[in-house]
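Letters are used for the chains, namely A, B, C and D, taken in the order the chains are written, and counting of residues starts over at 1 for each.
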Amino acid sequence: MFASFGVLPMDVILGVVVFWLALGTAGLVLQNSRFITRIIFPLGALGSLVLAGAALAGLNEVSTAILPLGLPDLPFHLRMDALSAFFLLLLGSASIGISLFSAGYFHGMPKSALGPLCLEYHIFLAGMALVFLADDAYLFMVAWESMALSSYFLVTTDHDHPEVRRAGFLYLLIAHVGAIAILMCFGVMHGGHGGHGGYTFDAMRHGQLPAFWASVTFFLALFGFGAKAGILPLHAWLPEAHPAAPSPVSAMMSGIMLKTAIYGILRVTFDLLDVQLWWWGVFALALGLLTALFGVIFAAVQSDMKRLLAFSSIENIGFILTGIGLTIIFHDSHKEALAALALTATLYHALNHAFMKGLLFLGTGSILHATGERHLGKLGGLIRRMPELALLMLVGALALAGLPPLNGFVSEWLLLQAFLLSPGLPQPYVNMLVPIAAAALALAAALAGYVMVKFYGVIFLGQPRDSSLAEVHDAGLWERIGMLCMAVGCIALGVFPSFVILHLDFVTEMLVHHSLSASAAKTGWLLLTPIEAERASYGPLVLLLIIVGGSLLTAFAVKKFYHGRVRRGPAWDCGFPAQTARMQDTAEGFGQPIRQIFEWYMGVVRQVPAPFDRHPHFHSETHDLLWNIFYAPAKRMNDAAGKLMGKLQHGRIHIYLLYSFVTLLALLAFVR
Amino acid sequence: MSYPSLLLQLAQNALVLLIAPLLLGWTSQCRAWMQNRSGAGVLQPYRNLNKLFHKDAVLAVNASALFRATPYILLACMWLAAALVPVLATGLPLSPAVDVIALVGIFALARVFISLAAMDIGTAFGSLGARREMLVGFLAEPALLMVLFTASTISGSTSLITIVETLAHKPFVLYPSMVFAAVAFIMVMLAENARIPVDNPATHLELTMIHEAMVLEYSARHLALVEWAGALKLLAYTTICIALFVPWGIAETGNWGALPLAVAALALKLAGAGAGLALLETLSAKMRIFRVPEFMGTAFLLAVLGLLTHFLLETAA
Amino acid sequence: MEILWVLLVPLFGGLLLAVFGTRRFAPELNSAASFCTLVAAAALASRVVAGGAFTAWDEQFFVDAFNVFLVALTAFVGFTTSLFSRPYMRIEQHHGKLTANMLRLYYSMYQLFSFTMLLALLTNNMGILWVAMEAATLTTVLLVSLYRTPASLEAAWKYFILCGVGIAQALFGTILLYFAAEKVLGAGGTALLWTHLNAVKTDIDPTVLSLAFVFLLVGYGTKVGLAPLHNWLPDAHAEGPTPVSAVLSGLLLNVALYAVVRSKVLVDGALGTRFAGDLMIGFGLLSVVMAAFFLSRQKDVKRMFAYSSIEHMGLMTFAFGMGGPVATFAALLHMTVHSLTKSAIFFAVGHAAQESGTQLMEGIRGLIKTSPTVGWGLALGTLAILGMPPFGVFTSEFMIITTAMHGYPWAMPFLLAALGVAFAAIFGRMQLMVFGETAGARLPHPPALLPVFAHLALVLMLGLYIPPYLAEWYRQAAALIG
Amino acid sequence: MNIPFSGQIINMCAALLLLIAFAMLSQRRILSLINLFALQGLILAVSTSVVAYSSHQVHLYYSAALTLLLKAVALPLILHRLIRKLNVKWDVETLFNIPTTMLAGLALVVFAFNLAAPISQMAGTITKSTLGIAMASVLLSFLMMITRSKAVPQVVGFLAMENGLFFAATSATYGMPMVVELGIALDVLVGMLILGIFFFQIRTAFDSLDLEHMEKLKED
């Protein structure tokens, strides 16, 4: 579409990046809140749209460029291939809705805070775009850390609350540690040229690493990018930072930023490294499943709606990592078709998650605006006050629960297919592992349904748990438009999978040298047939039509043959006389069975009232055991070392002189 | 798709819709006999539905659109599910659109909707029921999936048609994995259809009820639809059970001559299944709700074991 | 000719300010003098860039890419610091911490201090280099003790004694150097001229020279602030007036390191082994690690950033020790960006401390609210000094780490662990100071923020784009150092 | 081997310097410490002029005179005035007891000689072995600075170290270039003056010159 104008997609994308930066600067300079929310953010959304279009156009071509910036002997290398194009597409398409939503969400903000926020927001966008475009280690690191930095400032937007500051600290610290690991990973892959020539990805592609060093690289990458993605045990920042951030930012971080880490893992594993070993895959698979289960179980026991979504993000990242692991296993055992299938599922899920999680986070933003409440225990019955929001959120919740015919199901379906077709792997143990992995995956998926019912039911259904909810208003127009974009994305991705897969094929073709299009195209667009029609097929559109048609038909028939009379009365509830809002399940109550079943895996602190308490008080909170295992000891060690060092700085000048003296003598002795 | 197959599909749709209450009635009738009661007759479910459809619907004051839409969606889902399972003949034109995984998905969709509807009014019972339903569901769903996986790994496909054809028309092989699967499936079936020992549709006892607690607020035609959907669900599970474990006698694609025989076989199998279900319910007692997770966990474990045994014993050959 | 101007302007500026230091226009005069120095330095730099290295005044002075770049840096930071000290010192006076006479001492010493540093940079004579370093110590001792408070006196005393002793070792090193060199160059003037030494370095007796280098390293290393000789540094930075801390961190440490590197060049030539380099690597690594762990227990903000200076000087020493074009390039770049960033940080910190009336970090809160510019300056400066892209510090650290990863993989764990620990320590405290509920008062005079953001902008620029001529300049210098 | 007479004198001076260094290390009383320092300066001047005479280096005469003025006269006077002004005539208590310090000193001397041995072989001057002694006296004064707990003795130790350096410069290498020596001398003088001012400030701030009061700045 752009070639007709004689512009390369990459140029367009660079243009959008510059455009975003310009917008941000304009916002900072002008500091006019009305201008920022009504002009700049919509323009930013426009930029996203253009970016998505350009990425779509650039899927099937490779273009490179070199900017005269960066290090003297390592200028900025840019490269757009199918992989980057796909993730750019993800970025562009998902950020349209978010930017539009922001136009409404940030409207009330004081302009002194809004100016910097606008700049950070657009730097964040630009940084992510550059991460996908970077083709040398230096530019990648710069873009990567700029992204981290801007998002850190976004997270700490309302920094008056100490927990927000804590969240920001934890977030940037873990991100930085991860960045160091990534830097080392690039260092290991260094293409061996003199100077920094070897730090272009091109040199790394042509580098031949022995198996040991390749493994070191892979695990460094897994660690470094895992820190950003929230893979166990580096997830600690995620449930802190997402609730702390303003909702559009949470949506952006959870929906898009986590995917930059996925991009990094894919880029390093399949593009930069020339070998992939199956046992990496096994490791990633196991880790992914652990992460998924951990995330969903903890999501089930949360009572802060944004924390809940954050944990569910961990779960979805786990899914994606599982897919990557499966891809590696298949790829190393030369089952290219299966590798392509698993990879398709992975990418598809990344795309889906961007939309559904983005949608839900945006929704929490509107709820927050309307009620000022994040705690599930104070919400309820919002479907009556904010029906449109409720409808949009229902789409998101069903999608995230992985129900047909929405998009969450498609990627799960593909992934399960990949598992089902796995038998016949050369490694018997892996063969044993597969069914268990599939079971764990299915379990996590089912639990996701549980979580979503809790999330949606407690917030939107039932009676309001707080009197203040009586006069809440529905979300603003901009907000609803933004969420509508996301919801439409969820539905479209769910109903027309064949189209999506046709585009994903470019990526699979590039990474595992095989694609599904041959089989997918055979049976037409209506059916999704990744391998063969006899093996497996899925027609979401048919499904949707039948369900909708079926219910309409039934409704019609019932009206026709009988009647449609309705009377309203008080709820029956087995005839119990007084029903208050406090009688329905709280969020904690709804999560209680899960807590009971998995109590062994989480630190549960309970405070149970004695039988004769005048004012009985029950309190229960769930802690992350991994924190005590990994993080607390590190801090303790650091403090101990600091104390030890402190003793050296004694304050007596004689001691200081003694240091110098001893050093001198030691060196002299060393010279002799 | 050809006309005859389309015809067949429509026929099956109509058939399942009509005979679903019959199976329900037959089961309860059998149970009555086994418990030395003279039951209400096999047609009782139809009478109930008719009665309910005639009544005026009474909705709670704060019932939302979701609450009202749910029964229809529920019925549609279950109807689709039941219509997909090849009972008389393979080669249903719809089945390529929905394979076993999607089938499980449809069940999950229905479950989520009914649970949400239950929470809508905001009564103690409603949310209690919803929670318990989801609790049962999140363990039953993967177990069911595993059972189906066992079958589909044997037949190398996830489409029900292919599964049934392979199982039915291959020379008879005894699959140990399928034994595990069968046990697991039956446990799941009991749980999913609100049967003893997991749930007891006959009582409104707070401590025990799951399904009933969710539909308390429904009345008249809505309740009727829910009931009907329940019947369809039972039918769907039964037919899946038949299709997976005793598929013999089903008519192949296009082989019209075999249809009458297939009908007879189906009637026989359904009757047997109903009776078996009744027997199970009579023999076992309702268990405490807290034991349900263990029960379902066992089912899940058995299903996984089934899949494992398949990989251990049957792929090696 | 330019050399003369570069040296004379601050000298006379100092004398002038000794006379007029109490007048109202003294600060402006101070800035003016620094500005003239900057102009002269720029002229000198342009001449070297155009015509290459040259000597002057019968070879007493010598300018090549290496030291002229430091001269330019020194002049620039000296100028911006004088700009900053204008409002800062006014506010201090307004708070009644300083009298007019103290201010006079401050201004004239400030000029003399920059004179000594420039002399140390420009001279060709290792002896004069030593003299200038000693003189720099003396001037800064007076600056550190400016407030006359017990704490500042104690700091100044420790500074004086430790650096005095250290410098004495350096003198002994110089004597040994001379002792060894006169065998080759003959007694008399030329035996201490660096150019001559450099010319004949291969013939100088290695044993004496290695001994000399030990003394020189310990001596000048004390002023660089290498662990475990660093103990004077945090006290002096914390207790002196903030502009002084800024120039100490930003300039004096560089000059001392310059002296070490100059002698390293000679020793490498004479020994032909990695002896000097290995020593520097050891010291550098030790400093980085020790400073990192010290950082995590600081209460006083200036003290904390003093330790961060130790860390970064250690990093530079490490890089110079590794040698080779890339590492040396990185070290020079790191010198530049560290000076700019650290001085910017001290500017911001100074105003922050004035606002909240304390240097203790638990007293400094919510800067972004009281004066956003100071707050943002501190936040960005801190993140820059922590090596966050896209700031220039990351650029040099990227080069150093990537080079070390191949040359000295065993050093990686220490280096990276130290960087991580330092990040956690400084970043956590910065956040507390910048964010949160405010506890500050407005300043009587508008704070000087042009210097802060000018420096940060430069650092940002260096992070994204190194101008070719600058890169060429660094390359030449790196080639000289080898 | 026969050393020319001048050489013998210089070696004599070197021995004396070493002796004085030890004496300073062991000396408890400030006043005699200062006197010892003055004596050291005197000997330094003598040895310098001898070197100048024997090697016909004119500029060494200047530095000899400079030394005499500065180190044998000016600085001791300043110090005397100081301690009279600040009346700090009390005895010096050391951190370690004297014998320990002496033993450490001996070890240092051996070490220094070892260190200097290979170098002095190649020394072309008539005074081969003085370098070792110079180094020894430098290290000894360093040790003295470490062991003394008062401000003034520390400064004296500092100046003694300067003397050692100067001795090394003259005896081992016929003196540094004049400009350097002038610079050094200037620095020493200015340093002394600044120290003088310092003492008063410290006194007013801490009303004592005891270094134990100056241990506030530390990590706690």
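The rule is simple: contacts are C-beta pairs under 8 Å (C-beta built on N, C-alpha and C of every residue); 3 or more make two chains touch, one makes a residue touch a chain.
Just so it is clear, the structure is predicted and the values come from calculations on it, not from any experiment.
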Pretend chain A isn't there and tell me which chains still hang together through touching.
B | C, D
By CA centroid distance, what chain is farthest from chain B?
D
Given the contact rule stated at the top, which pair of chains has the most C-beta pairs in contact?
A-B
When centres are defined as mean Cα positions, the distance from chain B to chain C in whole Å is 79
Between chain A and chain D, what is the separation of their C-alpha centroids in Å?
70
Euclidean distance of C-alpha centroids - chain B vs chain D, Å
102
Could you work out how far the Cα centre of chain C sits from that of chain D, in whole Å?
31
Pull out every residue in chain D that's touching 2 or more other chains.
115, 142, 145, 154, 214-217, 219
If a residue has to touch 2 or more other chains to count, which residues of chain A qualify?
645-646, 648-649, 653, 657, 664, 668
Output every touching chain pair, sorted by label.
A-B, A-C, A-D, C-D
Residue ranges of chain B touching chain A (in the complex, touch as defined)
53-54, 56-66, 69, 72-73, 75-77, 79-80, 94, 96-99, 101-102, 105-106, 108-109, 111-112, 115-116, 119-128, 130-132, 134-135, 137-139, 141-142, 145-146, 149, 152-153, 156-159, 162, 204, 206, 216-217, 221, 225, 290, 293, 300, 303-304, 307-308, 310-312, 315
What does chain A use to touch chain C in their complex?
68-72, 112, 116, 137-138, 141-142, 144-146, 149, 156, 159-160, 162, 165, 168-169, 172-173, 176-177, 180, 183-184, 186-188, 190, 195-196, 199, 638-639, 641-646, 648-649, 653, 656-657, 659-660, 663-664, 667-668, 670-671
Residues on chain C engaged by chain A in the complex (per definition of touch):
157-158, 161-162, 165-166, 169, 210-211, 214-215, 217-218, 222, 228-229, 231-232, 234, 279, 290, 293-294, 296-297, 325-326, 368, 372, 376, 383, 386, 388-390, 394-395, 398-399, 401-402, 405-406, 412, 416, 419-421, 423-424, 427-428, 431-432, 435-437, 463-466, 468, 471, 475
Enumerate the contact residues on chain D facing chain A in the complex.
95, 111, 114-115, 139, 142-143, 145-147, 149, 154, 211, 214-220
If you look only at chain C, which of its residues touch chain D in the complex?
125, 127-128, 130-131, 134-135, 138, 141-142, 145, 148-151, 153-158, 160-161, 164-165, 168, 171-172, 174-176, 178-179, 182-183, 187-189, 191-192, 205, 207-208, 211, 234-235, 238-239, 294, 297
